[in-house]
Amino acid sequence: MLTFAILLPFAGAALLASAPLSAGQSRLAAILVAALSLGALCVVWAGFIPGAGFQAVQEAPWIPPLGVAWRVGVDGISLPLALMSGLLFVAAIAWPMEREVNARAYYAWFLFLEGASLGLFLTLDLLIFYVFFDLSLVGMYFLIGRWGHGDAPRAALKFFLYTLAGSLLILLALIALVLSVDPLSFDMRDMIALQPVAGMDLRAGLILLGFVLGFAIKTPLFPLHTWLPPAHVDAPGPASAILAGVLLKMGTYGLVRIPMQMLRETFATYALALGVVALASILWGSIVAFAQDNIKRRIAYTSVNHMGYAVLGIAVAGSAVTGQEAARDLALNGAVIEMVAHGLITGALFLIAGSIWARTGTYEIDSYGGLAGRAPRLMGAMGLASFASLGLPGLAGFVAEVQIFVGAFAVWPWLAAIALLGLIVTAALFLGMLQRVFLGERPPALDGFADLTRTEFGVLAVLLGLVVLIGVWPAWLIDMIALGGG
Amino acid sequence: MIAATLYLLLALPPLVWAAAVFDRIGTGRGALLAGPLRNGAALLLRPVAPTEAPDRLNRLLAPGWYLALALVGLSVVPLAPGLVASDLSTGLVLWGACEALTVVVVFLHGWSPNAPFPLLGAYRYVAIALPAMLLSMFVLIGAALPAQSLSVGAVVEAQREVWNLVRQPLGLPLFMALGLALTLRGPFDYAGGAELAGGTSAEESGPALAAWRLARAAMLVAFSAMAATAFLGGYLGPVLPGPLWLLLKTLAVMAATVAAGRFFARMPPARMLTLLWVVLLPLSFANLALVGIEVLP
Amino acid sequence: MPLADLGPEIALIAGALAALLMAMALPQPRLGLCLWPALAALAVAGTWAVAQADAARLTFSGVWALDGATLWARILIVTATALCLILAPRWFATDRRHGEFYALTLFSALGAIAMAAAADLLQLVMAVLLSSVTGYVLAAFHRDWALSVEAGMKYFLIGALANALLVIGAILVMGMAGTSDYAALARTDLGQPLALAGLALIVAGLAFKLGAVPGHAWMPDVAEGAPVPAAAFLTVVPKIGAALALFRLVQLFPEVEMLRPLIAALSVATMTLGNLAALWQDDLRRLLGWSSVSQSGYALMAVAVADLAPDALPALLWFLAAYALANVTGFAVVAQLRGRTALADYHGLIAARPGLAAALIVALLSLTGIPPLIGFTGKLELFVATLDGGYGWLALAAVANTVLSLGYYLRVIGPVCFAAPEGPPPACLSRAAGAVALGSGAAVVGIGLFAGPFLARAAGAVVLP
Amino acid sequence: MTLVSVLIVAAALIGIGLYGALSQQSFVMLMMGLELMLNGAILAIVGFWAFSLGGAPEGQLLAIIVMAVMAVEMAVGFALVVAVYRKRQADMTESLTELRH
Amino acid sequence: MTEIAMPLVLVLLAVAFAWGLQRLGPEAGATWPHRAPFLGGGVPQTHAWQRWHARYYPMTLLFIAFEMEMMFMYPWAVVYIETGTKALAEMGMFLGILSVGILYGWREGVFRWQ
């Protein structure tokens, strides 16, 4: 079933690339494929037993001499992320294209990207993980470069270069990790069970450094985040939504899956350093976001901030080999929920930003104002998403951040205290943006500004509905993650 | 060794004279026997005509080199068992080197006066002589096969049973082509032909010309001696002493070579080149194969 | 005499002669038919090589190693040569006489195979010579085009010097060690400075064939100036032979301490230089040439850890296979587009010629090492071997270089996909060239996806002695 | 006469040749330098053959091979020089300026 | 050593002899018209070397191929009988391949240079 969910989008992409479909037909086909894929994931979810380790496992050999095989399976961490990605892809594909050029290729690349993203979350093989990690770069590169605006090729190039550097570091670290077991095996379960480099100081440290650097670029963490703003600003709205909602999660997911689980001991040694970097990201992301006058750039920087929370949670969770178990589980729980929530919220925010751009062609906050009258539905959606993002209780962001902070206070209280500053700044920047865009004088140029269409509103309703659902009733998600019981 | 050298040096002048005499037979150019000497003396008394901006050193040295090559080539020929001026185990290779250097020397000779006809003669000579060299070496290798040695002495000794002329009937005729080319005569005389007003020696006069002609005749002697040794059994022969046999055979080959030079018609260089490469060279391969099959036990 | 051991090579010679004889008989417009005997010979050679797959012995008095490395070299070289040759008939259609192109290429391929199989210094010298002299002619094959002649001349000048160094090196090693046979050399102690200097000279000479520092300068010139089929051939085939020859050499002297660091240093220098130079190119062929230089640097990584890591040989073989396929694809696309080289000519190619553009993109991404293309498995193996052999810093340098290289590959891919097309769609060369481009492009993807069995075979390869 | 003395002469030849090959501008002179290097190489191999290889056939063979290397490379080289000359009317390395960087 | 000495002596002898011979004649006081090359009265601007070129480069390449072949043939001839039929076959192959070169050269017209 999982293999089906991964390969179906690839097949769909191949179909779209070769079959002569019209723009509308290709959109329909793409939505259908994405929905089917999501449906397959839901089937797995239906049979999922929380806390019972890896499930729905499938294996097939790929490169036997290296011990590489097609291995898929889910646990409480990957399933929510995969579900969220599946959903977000349906949303992004259903979202109308900003510029109607070459729709067939556009949807093909989206499906390609979906296959890569799902594959990354669902695989249990380190090398396949890496393969999908790189494939996601390729997909995103073409989406940004071809359908972006502004200096899109340049932004795409920067994105590709940065993240490839990161992914290659991960590859080296992976190989170094795998080489320490005999015979070679890229099976994640083996690695988690064996903890292969435990006790090797220098080598383990270097391997950890490779992983952390690689994932930090992808996440992105301060100071390796500089590729993110141009990529977001120049990408088309749906691609931004995927970039922020899904691709960034790859970094944090990888951080959890590989360094934290496979290098437990080493990770614990250096967890504090990672926590400090996460803190820097939180603060830097929020403060710089506050200074931005470009809607998309502002949202992009809040991603740096939010991913900082997630990494903080992970750092806390991996901070010690023994002791403070409850707090650490809480923090990890929070981190996973943060990933899911951030995916939904930021996905929605970027989609909205895309719709604004589609109407006026600019992201400058100063060129907007008083849109509340013209576009109430837009304002509602944006408001809800913004509040969720700044962590208003009752919404998904709050659930996540509360757990992270509680966990962090138990382990490193001073660090958590400083990190709280970030929350305040975030609140300020979102409120400021809402106020400047929707309230005040409306420039005459915006008189013809249309509200959200029904499609757009429907998509946003699903995403934001989930945000609210997680906010008011998070138990189902926490159950699914099931760290305490696992 | 030294004795052999002295014999050679003593025998060379009469032989050179004989070569000049052979060249005169049937041409009606004055006295047959005394003519060459008279001509030579006359040339020696004339002044050497200089040309504009020549390569003086090479011009002066070219006849010397030519003569030297003839002498060195001659020196590997055994006069009798054990009587050889330079007793090399690789005598045939040295002979081959002399052949090849002859091309260079003739080219130098044509090049040094800085005049069109000699230069053209030199170019044409190189083009024709190169395949002729190849040809001769294949033939000589054929002669060396039964001897299992590159020493000229061994080649002679291997002919005690039967001469190479019999073993490889094609060998001597093909080798004669080389002789004609080496001594700038007959159908291969592209370096000194009459239509180029004398070719490489068009600008020569006086003692220089005399030296060049002398060297050319010496080369004919050397070639004939080599041919006699490689194909006609050299000093081998009944009754008479070895050196005498060699002398007789050499004279015979000389006469044959001169006659062949007269007999065969000249062709345009391109056709001659094609003939050499496409007909004669493959013939030499065939000759080699023939010997190869014959000598295998 | 085990003549059958050299069956594939003899087939190549026979094919070359047949092509030459055919070239003699055919009128100018039909000279392209000489392709067929050449292809037939390559097919025979390939099949024969596969039939000898399990052999592992020294043959012909120990000068020829018939082992896994030779097998792979034969297969790779034969395949690459065939692909390059298919481009030729139409490319040279206007050339007055090009019948000998096929024969020369086959001889050059023979030289490359002999290089890879050499188990004796003398044979190595001969093989390098054969591969070189034919290469010079191939590079300058467009006699009437200044660029081609110039490329040939530069190739020759560098090559003659490098070959002289190689010869001197071989003499020094042989003189000091007293033997030229690899099996015997392996037993000698190569401690004297003179012998070590000789070894270094041999490495320098082979670096020329490989296109690595210090003998790399010809590569971009040849890639740009040589006729495209010849450029594809010369950037790929000699490299395969030289890399394996170097591999054998390094493996031969495990106790010579300077050799590995030397090769590792050359490797880093080569890849860095190649990549840095490629960054500024505005000419696709020259860019491919510099990228070939950098790829030589990667290949040297595996050479540096020969014998240290069990995976070194499969890594090298597989990397070479990946490189060969991708590079030939790139040049096939250039050929199919009638040799247009300026990057500006490629703007918006994806709209005008989607298939070719896709092949080009796939080839370039494979050269970078993006999964799941064949280049990825190649690089993966390289990294595994290098890390396993304890040369972590080398792997790190390679990573940095890979990122660097992506920069210029994207400089091609970007305009191909994102820029607006200029002018009418480009003219194509021939259906055969298009088939080569598309076919090898598909192979870059396909073999990359199903690399398992191939890699398993490569992992079983042995190197003698 | 010892091996060392032969090698010194060979090294001198190689050195002079290398200098010529690297410093000369004219193709022909450059090739002369290369030839000189190879001549030094032949001298070295003959020295090795006589003094340290004990007259092993490989030594002779290598000498022959080096001669072949010389001849064949120079043949091709001069053909290229002629081609360049026809194209450019120049026989100096400076004339090769089209392909750069 | 001594075997090679005699040819050297002979070379010296011959060169010295020819040199001396050319010194015999009287000094020529040639005038300029006497020295000028045959040009129907014209004055050459360049060296003869620069006005005429050998045109048979391809043929010389072919020659070099055979000349190299020759070099391998010397040792072959010495061991021919010992090695037997194999040697014949090898040389046959060698020559056969080179002969194809001749044929090709012939077809390409390398023997026509004027």
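For clarity, chains are labelled A, B, C, D and E in written order, and residue numbers in each chain start from 1.
Operating definition for what follows: a contact is a pair of C-beta atoms (placed from the backbone, for glycine too) under 8 Å apart; a residue touches a chain by one contact, two chains touch by 3 or more.
Not measured: the values here are computed from a predicted model.
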Shortest contact path, chain B to chain E, counted in steps: 1
Chain whose mean Cα position lies farthest from chain D: A
Chain occupying the most central position, where position means C-alpha average: C
Maximum inter-chain contact count - chain pair: B-E
Chain whose average C-alpha position is farthest from chain C's own: B
Distance from chain B to chain A - Cα centre to Cα centre, in angstrom: 92
Between chain A and chain E, centroid-to-centroid distance (C-alpha), Å: 80
Intercentroid distance (Cα basis), chain D paired with chain C, Å: 26
Distance from the mean Cα position of chain C to that of chain A, given in whole angstrom: 42
Where chain E touches two or more other chains, by residue: 60, 67, 103
Chain A: positions in contact with at least two other chains: none
Residues of chain D engaged with two or more neighbouring chains: 68, 72, 76, 79
Interchain contacts (touch definition) - all pairs: A-C, B-E, C-D, C-E, D-E
In the complex, chain B residues that touch chain E: 1, 5, 44-53, 60-61, 63-68, 70-72, 75, 85-88, 90, 92-94, 96, 111, 114-117, 119-120, 123, 126-127, 130-131, 134, 137-138, 141, 144-146, 148-150, 197, 203, 206-208, 210-211, 214-215, 268-270, 273-274, 277-278, 281-282, 285, 288-289, 292-293, 295-297
Complex contact set, residues of chain E against chain D: 57-58, 60-61, 64-65, 67-68, 71-72, 75
Complex contacts: residues of chain E adjacent to chain C: 86, 97, 100-101, 103-104, 107-108
Contact footprint of chain B on chain E as seen in their complex: 2-4, 6-7, 9-11, 13-19, 21-30, 34-39, 44, 47-49, 51-52, 54, 56, 59-60, 62-63, 66-67, 70, 73-74, 77-82, 84-85, 87-88, 91-92, 95, 99, 102-103, 105-106, 111-114
List of chain A residues in touch with chain C within their complex: 61-66, 68, 127, 130-131, 134-135, 137-138, 141-142, 145-146, 152-153, 156-157, 160-161, 164-165, 168-169, 171-172, 175-176, 178-179, 184, 206
